[in-house]
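Take a look at the structures below.
One chain, chain A, appears in both complexes that follow, with chain B as partner in the first and chain C in the second.
The block that comes next holds the complex of A and B.
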């Protein structure tokens, strides 16, 4: 009920305040917006609409022939597109799931009273600051099956480490784990902010009622840190869906096509000089991300207002 | 204060104009006698860099008024991308090194490259010219020698086990199994450098042509396919077979080209399917084992023919953006590459990897074993056929991933061949070929 009323009111209210503001005064004269509008048009609108056009052509960068939707048909016939799509979703789900779980655990840990809390917070955040390509190259050296540090350490305790990046069943997951290592710092910071912003009264009240740490976590932190969870899921899901740089640095979609995601399939078309085809792939990726993120944002945010 | 600022602005503007003027001056043709600097873009593989530096050093020494400098780019698909993009944006180096054949055709040479006349390519043999011709014009000169695609093998292992060079695929497998039983790695594969995975398919093409001499033309006309042609599909099947029989080195997925050369040189492995240009790396890294490595063509079904698949050397090309004095210097450099002096400079620096494509060029008497095993194929009728990429403009960009997938047991040979047929369709359509 309450939600329905608010939703019914909001657009009208905002429209009213909008027109009111416009009538009273604008802080800047209209010509003031010409420069930003031009920049926006030249750098964003024109390329976007040009890409819609070029996705319908066979394009060599010198000449383009209009071929209708043939590029889209061709792109969907791409032998490993289906696997690329599945991989994209697996990758996005694995990375965002792990970032939520680990990020929240670290968030709780780093808001509790522990030694060297400030230092630990910086340490957890540090990988976020490092270049993705650098991380990718470093980890592909570390994950080398025979000469890599990871498997050499495992060998010391008598475990024969797997072929992290060359085993077809493992390659994508290995890259996803590195992605989590690199990105979990950001999730942690968001959770730290979310948990810190929960009023202390709730914790005091629950302590008076005799709640243990687990009850406090389930009944207070988990529901009240929901905005943080929403942010982490949305950010890491978008990041996961359009992930490319780390995968390219570590496996280039290989072995074979087993760790290909949509973005790397598109990039390979571009590399091969099929510019129209790769533009069509980008249009598809754009539509796909929009189709997933728009409803997700809507659903997650609506529940927040409850 | 204000005056200060204004004066400074004027100084900056003047300086800017000066720089602009200099830049413009740099663009206009320099005076006849002035020194000219041109750039030569090559891939960053060791064999390529060594060859190009040898050529550049010899040329610079002969021409004090011209200075050529070598620039490098990545190899493989990344490098193709760099070359295409720089050509398309008019940002190419003055001279560049790139494959002949189908990769050359994909550059739209008639729009992007400078055609070369007989004063430059007069001494180049026709078989090479065919690989760098578009619309009746020749666009490139050969850098280096012809190559063979086959198997590098470790001679001490063959001697120890009393094996002889196989003439058929079955003999090759029998040899490999004997080596395996002796506790050694029979076949080396190095899929970390994905391009190395294509040899079983590309190197088998001479056997396809021996079965069906019209194959390449019919392929270009969209009349034959890898998936449905038994002799063409054999390459994919061989790849699957050697994986399934467990004949490969354990780290085939993470080994690199350099690892492969090391293994075949030191006897860690017996067979390495590779192009003969690897002899340059072999000579540089393992000079003591240079003559422990021999070469034979990839065997097919027929012991009688057993032909070799050969590769043209890469070419050197001039983009249309090279103009004025730089164009003259670039042409002079290309003429030098396509001369006996150019061949000799290469031979002196890195040795000869096979027959040259320039008339009058000779090989030294003491060539490495790989090269002396290679030469006889060129000397008999029907002993050597060009690889498919020099007979047809169609080469799918995804072959190296597909062959890694088949060679790692991820995809079956039949599926891999079918995937490649779909892959080449895109290339054929992009080139605007008839019948696709």
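The block that comes next holds the complex of A and C.
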């Protein structure tokens, strides 16, 4: 043992340990990155960078003519497209707001001592895994103004149900509600995980202090489940801002263009063959998402550490 | 005692409310799917007067020259191949990224995060695929799903690999294992729990994916299951029973996944966020 320690100080041994370190390093070879990096770079990064150039062109996929910011000017001049932009905000804000509120309420409910917790959690979570298009079609039937189940039930209690998907002022909100129906299960399990990780001592202390359920919620669950809230907000904003399939399945952006969002505008312009304009929509969506998500992540996470 | 009563009362209310809101839409799908065409077209929430389960299944499958069958085969191939790719490539990338750390660590963090946040640019992606000759091909779409799903897989794998002790690598290296043997024979089997999570979460995502097949694999011959639903919508304008049978059939794979892997799905979807 002693000799080994002495030998470790000789130059030969240090050279050996150097080569040993190199051997350890080569145990994690960089070429492991080649295949994933290649696929990711070619099919995700290259198109993302290319979109900045092609958004400035009139483009047929084979030839492109540089036209400066004309696509963006057109995007902000056409009322339909501007409406799509506004709708994207509204949709993302409504869905993430409702997912936070309802998800938190369900999370609290499912961590309390209530009967049939497993059943409740499964039932609330299952829609997360179902096909979005299937959900969209089902709810566009259930939301039919006269024959739909929802309005028929409302009529039983004497309420004249609204024209969910055919009323221009309501269509976007109706789709957002279905989005919440489908996605709130994920928010709920995130909150359940967040609330369960709060140390029991806090709850015991508040019980000793004679706090009621409401005080406990405001002073303990709300602040200590903050990481869950941050996660739910960020996730549902990312999903809400780029949402396409549910809107497409339920309204196709209609009636008129009243429930169009940027993602559906991108698809419509693509179908119409305006590739440059469609890509400009993509760039706007990219800027919008990063302009909202990055500062928000920074602000929300910073406050936690304080 | 009074508290216990209030609690169970609250539980009953919760069960009833969630049943109405979350379960009745599925019951509606099921009862409409087994009705006859006339009865289904009323779109009423009633018990079917005759249950035509088998007839409707056969009719949906035969519709449009067995399109649903083709779509199921396509979707299965797509899901299996792309999830296999995500697991192997994602684990390899996460392994080296996690063990090497250093200056590349931050770059990789940034790249992975961008993949999670940035919406893919549609037409430029089509342009790249066309240049490579993989637009409108199934293998092209497989590569697309891998590219878009890699970030999430890497995130999950890195979080798990950080809990695997380094001593293990050193022991394997002393035994003379090279990097490939170290990774595939020693490390990969240890990743089993997180591999299951990635497989389950991503296969449900790919199977339910509608947007990417719509853009990158158009055409009836190549349809995936989500697109059949879309095509049927106009064709079966009056045949709601078949449309809902179609919805029911394509809901079965996720349902099976849910029953078998409920825990891993929830763990994966919540666990990824801590990373």
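In the analysis below, the second predicted complex is superposed on the first by the 276 of 306 C-alpha atoms of A that agree within 3 Å, B and C clash if a C-alpha of one lies under 4 Å from a C-alpha of the other, contacts with A are read in each partner's own complex, and residues count from 1 in each chain.
Everything below uses one rule, namely that contacts are C-beta pairs under 8 Å (C-beta built on N, C-alpha and C of every residue); 3 or more make two chains touch, one makes a residue touch a chain.
Keep in mind it's a predicted model, so treat the numbers as computed, not measured.
Aligning the two structures on chain A places chain B and chain C side by side, free of any clash.
With both structures placed on the common chain, the touch criterion links A:60 to chain B but leaves chain C unconnected.
When the two complexes are overlaid on their common chain A, residue A:165 makes contact with chain B while staying clear of chain C.
Of the two partner chains placed around the shared chain by superposition, chain B and chain C are both touched by A:144.
Touch criterion not met for A:226: it reaches neither chain B nor chain C.
By the touch criterion defined above, A:242 lies against chain C but remains apart from chain B after alignment on the C-alpha atoms of chain A.
With both structures placed on the common chain, the touch criterion links A:273 to chain B but leaves chain C unconnected. In the superposition on chain A, contact is made by A:33 with chain C only, not with chain B.
Taking chain B and chain C in turn and counting the residues of chain A each one touches, the greater count comes from C.
In the superposition on chain A, A:256 makes contact with chain B only, not with chain C.
Following the chain A superposition, chain B and chain C show a smallest Cα-Cα distance of 6 angstrom.
In the superposition on chain A, the residues of chain A touched by chain B in one structure and by chain C in the other are 61, 144, 270. Those residues of chain A whose C-beta lies close enough to touch chain C in the complex are 23-30, 32-33, 35-37, 39-40, 42-48, 50-51, 54, 59, 61, 109, 112-116, 119-120, 122-135, 137-139, 141-142, 144, 147-149, 152, 181, 186, 189-190, 193, 231, 235, 238, 241-242, 244-245, 249, 263, 266-267, 270, 275, 278-279, 282-283, 285-286, 289-290, 293.
Within the complex, the chain C residues that touch chain A are 7-8, 10-12, 14-15, 18-19, 21-25, 28-29, 42-45, 85, 89-90, 92-93, 95-97, 99-100, 111, 115-130, 132, 143-144, 146-148, 150, 154, 169-170, 173, 179, 182-183, 204, 208, 210-211, 214-215, 225-226, 229-230, 233, 240, 243-244, 247, 250-251, 254-255, 257-258, 262, 265-266, 269-270, 273. The touching residues of chain A, counted against chain B in their complex, run 58, 60-62, 65, 74, 77-80, 144-146, 163, 165-168, 252-258, 268-274, 277.
Residues 77-78, 80-81, 84, 88, 106, 108, 111-112, 191-192, 194, 251, 253-254, 397-398, 401-402, 404-406, 408, 410-411, 418-419, 422-423, 425-427, 429-430, 432 of chain B touch chain A in their complex.
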